[in-house]
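Each of the next two complexes has subunit A plus one more chain, namely subunit B in the first and subunit C in the second.
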Partner chain A sequence: MATKTASTQHKEVLITGFGGQGIVLAGQILGKAASLVDRKESTLTQSYGPEARGGACSAQVIISQSTIHYPYVRIPHIVLCLSQGGYDKYANSVRSDGMLIVDQDLVRISEGSDRTLYRVPATRIAEELGRKMMANIVMLGFLSAVSDVVTKDALHATVVKSVPKGTEELNSTAFHKGYDYGAAILKGIEKKAAGKKGAKS
Partner chain B sequence: MDKPKIILFICNWGPHAAFQSLQDNDADIPVEVRMIRIPCTGRMSKSLLFKSFEMGADGVALVGCEPGSCRYGSGTESAERNVEDTRGILHLLGLGGDRLRLAMFLPEESEALLRFLQDFSDVIETIGKSPVTPNPRDVAALSHMETARIVAAHDVYACQDCGKCSSACPVTLSGKSFSPRAMANAIIGGDLDSPAVVEDVWSCLTCGLCTDRCPSVVNFPDFIREMRHMLKCGGVEGQQSHGGFFQSLMRTMTSPHLTINHWDWLPPDIKTDEKSPILYFGGCAPYFDTFFRHHLGVNTSDILSDSLRLMNFFDIFPAIHPGERCCGHDLLWSGDEENFLRLARLNAKAFQEMGIEEIVTSCPECFRTLSHDYPRAGIPLNIKVTHVYDLLEKEISKGAVDFEETEHRITFQDPCRLSRLEGRPELPRKLLQRLRPQGIKEMQDRGISALCCGNCAWTGCDSYTKALQNKRLRQARATGSDLLVTACPKCQIHLKCAMQDPFRGNEIEMEIMDLTGLMAKTIKWE
Partner chain C sequence: MRPEVLTGEHFLTGDEACAEGALAAGCRFFGAYPITPATEIAEHMALHLPEVGGTFIQMEDEIAAMASVLGASCAGAKSMTATSGPGFSLMMENLGLGIYTETPCVLVNVQRAGPSTGLPTMPAQGDMMQARWGSHGHYEIIALAPSSPQEMFYQTITAFNLSEIFRLPVLIMADEVTGHLSEKVVIPEAAAIKLQTRKLPKGRKDRFKPFQPGPDGIPPMAAAGEGYGIHVTGLTHDERGYPVMSPDAHEKLVARIVGKIRNNLHRIIETESYRLDDAEIALISYGVSARSSLAAVDEAREKGIKAGLLRLITVWPFPEELIASLAKRMKALVTVEINLGQIHLEVERCSRGQCPAFLVGHAGGTVISPDRILESLEAISK
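Moving on to the complex of A and B:
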């Protein structure tokens, strides 16, 4: 499963986390990048009512080559979890050929799932850059490396346009850190599959 | 065409009698052979053998006595080792090991000696003239004007005579009567060639600890470097370790027409790409290993292959230059600026011809020389110079990389050129922190205050050097660690040498490994 998920006509992405982690913003950026830059169709629905005040929160993005008739996610291709609650609720709803991306320091993985799983230290990377709240951007960078639901350049350009003025450079760095991490993970999987574990074997 | 020059070093005791009977009988000794009578082949060190080639010899024959017939017992064995090592060096340099031959004859074997000389002469004729072009140097009088300029250029007048330098200087603390400030004051006072000043100028380790402590920040290493140059121009040389072999080797490399084989030992599992704009500059480790193979058994070439393996691990396939020359660090720091410049120009030209945009090196001395000393000497490379640790740190911080646990408890020997002169003691430590040893414990003197490995630029090694190295190794042992990690091939060579002290037994013995080696052994994809 080292290769990127094949591009099909229709992709459903679910991003979950706590209110305040920038879940909805991440969804917006993803959708905008797909529609405004990659010239596809996209929709965003978000669940945030009372939940958004520190509770569970989610953004549902659909990206398609053709008109989207129904804007809610039914069986997601990709689920990004930045909280345990989101993982517990949605982890099992991922399609069997889909992928699950979690923040490794915020989510404890339960055994027994055979879906592709990526563990990303997104919050840790963002913290090292000085702002914990950029974990969502790190995640987007990672997503652009491991899947082709949206192109990297489109996503990066939209990130820079969507974040608050004055933080563009920092967010751009966060995006690239996420992307590099994703690229490194794929390379590692590829190397291991080719039987190369270390520098001497 | 010139006839080739063949030097015949012949032992006084046995074969010289055979040579004399050839002369008495007016035998047909090839005219290109010049005979030098020596007391024993065992006394012909590698540096003496090599120096003949530096000075333009096309072939050297060392002729001694059969094993067992040596008057001193072990002369023949020493000669065998020295010849083998020197042939290895000649091979790396591209001169070819065949230019040096060892043979043994009894006094009555004059006919055999004649055949040997005629055959050797034919062989040298076939190989052709040596591409080495000797650079004789003129000796000028010591100039007080020049001294005044050097003193002013490094602001040595700002010395307040406070003594902070000598209270930190590792040479002073090893017990030698050596004082940076006293030397500075003597030189300011016009004393250039008294034995005390000359001894001091050549004993300095140029480690830079005094500059770090100096309230006026007098750049002592740079001052010493220029003083050495001036003294050397005036014919006042210091004691060079290993008979000046390495300086001789580097001077030989300034010959432009050498076809050097710097890399033909490289293990086949390593991938390089001759078209890459990134050049991996290895440094002199293969020469060190050849030179010290019978003495210390060091494996500093592993630093080169492990660095390349680590780069390959991250899918970086750099170019290597088969004819790589020394960067010139040791010539520069032992006062030979002229030959340093010759090497620098040859290197700059080679990099340009290869279309190199970035040079990666694992040697702290090469790193400093290529990035700082080339531009300072008026040879700007316009090429980015990266230490391999920076490259590895960047790649590892991308993530998905982990290290196997190692069973060692480790401590770290700082390389002066990176930790102090470059001011980056944190760089190797970032990488050390990523490893998974049983423990990391720093020595008492560490980072920017670390103690020197004992020697720099192959000059002035003496009993005080050994005392200093002893002290350093005791510090390493006092951490309770069982592995000393180094970051410079020279640290490894010097500290291994110190461990051979027969009076210390295993008190100061410790396993040594380069950081790149430890990383290459344990790195893995997560």
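Moving on to the complex of A and C:
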């Protein structure tokens, strides 16, 4: 599983988008799952402007095996972008061994980056399920498939606990759709890698 | 009804943890006017205070909010308010009234960047001197500075305890980052939390003097409506609480109120040392800036710079003697804070010229990065 980032002592995750997309909720679910279920240390900080919706917004999650002093991202391991602005601002700040995950319908990718990049139709998947606002949960499902910064079970359980009553099942489905999409992409990459290997020998 | 005190492990923001600390401390009145980044404290209290039989009031402004808190306390309730920047300014007059009438209460300031409305959603630590001297007249104040949601919980309890013991308003000088930061908060069983309550009067109600101090300089406090004769005024008063317009009465009263803190420094001041034992440069910081400082200390040590941190948990009263003794054995003191030099002035004064004092600070809007502290440490150690 070369494409799955190894879990080390300290991971920095940045989630960016607009106010109203559930960016902070996604960060909160991730941090909570890592802290209360996976039993690691985690912090969540958020930044937003004076407006309630539509402004640029980001959530920063640090997950670590030891005490977290500085609760902000310095060089992110993982950047999730649900807006073009977030991508433009942070795409180049990702660690060389880190990963970028973008909503493919909201973000136009610029050429030339050698970081691992995943394109996810998160908003489209959420729309197909009937609620566009669940794109954040689709993204979390995807994240748990391609990275082991948090365990899938912890994240799923926390999603179900954190969403409004009556929407648990729908959000659970959104999470699994995201996870399955990630798992399928990884499988594709593995197959491709195996194929290349085969061709070489 | 939820249990009186929430227990167990939770992933909470500092603001939520502060509200939970207040509930755990027995706070039963909260009067406030919402303001970013302290609004979540009011929201949490509005939701949960009625569940434990308490009262939440959104007042028309912060002047009234502070007044409501003093009134509720005079009626016997542990009471609190929470605000930020502009609201803190409006509360200054009634803060002085609370100090002079010896009314226990807790005032939380989740600091954002000022002056004026400044940067409402962004952090600063620019109200530290306002906390010390913002109300008129000469007084002493207790101000705590939490660095994490867990500390927001415990310091709120500590603030209530100190306010009840010394019959004074106590300030919690948080910052936007600590208020909005989410982290694990462990809340113990109610039985494991030590609570203090104000000393109550004994003896005949008709002979009660509401401002007659005990041997510790602190008068017992009767709640209004219990039958004790009570007179409360912001004018200089005698032990009966009646106005006395004389320099002698003024000297006596102000000296006693100031003495409540000056004579009990050891019971109030709390600090935390990190890698100071063999340090040559001591960082001095508090609130979120102390977290940046902790990271910088570790990184400086990796580069062979012997740095340590003195974290101020209590900022006022200032740990004057501790700073003086540190200055004696350090090559330099470096204050790290999100302002252009406030606590730095105190550090400089208390170092008594024994070593140079530097500042790592800026005007606010963001935290201080560990890199900036590290740069300063490298420059100083050269």
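Some observations on this one:
Throughout what follows, the second predicted complex is superposed on the first by the 191 of 201 C-alpha atoms of A that agree within 3 Å, B and C clash if a C-alpha of one lies under 4 Å from a C-alpha of the other, contacts with A are read in each partner's own complex, and residues count from 1 in each chain.
To be clear about the criterion, contacts are C-beta pairs under 8 Å (C-beta built on N, C-alpha and C of every residue); 3 or more make two chains touch, one makes a residue touch a chain.
These numbers come from a predicted model, not from an experiment.
Of the two partner chains placed by superposition, A:173 touches none, neither subunit B nor subunit C. In the superposition on chain A, contact is made by A:181 with subunit B only, not with subunit C. Judged by the touch definition given at the top, the superposed model places A:71 against subunit C, while subunit B stays out of reach.
Once the two complexes are overlaid on the shared chain, A:121 sits against subunit B while remaining clear of subunit C.
When both complexes are overlaid on chain A, the residue A:191 reaches subunit B alone and has no touch with subunit C. In the overlay built on the shared chain, the residue A:84 is in contact with neither subunit B nor subunit C.
By the touch criterion stated above, A:104 is placed in contact with neither subunit B nor subunit C.
Overlap of the subunit B and subunit C contact sets on subunit A: empty, with no shared residue. If you check the complex, the residues on subunit A that touch subunit B are 121, 125, 177, 180-181, 183-185, 187-189, 191-192, 197-200.
Considering their complex, residues 9-11, 36, 120-122, 177, 180-184, 288, 291-292, 294-295, 298, 367, 369-370 of subunit C touch subunit A.
Residues of subunit A touching subunit C in their complex: 28, 31-32, 35-36, 41-50, 68-72, 74. On the side of subunit B, the complex with subunit A involves touching residues 306, 309-310, 312-313, 315, 395, 398-401, 404, 519-526.
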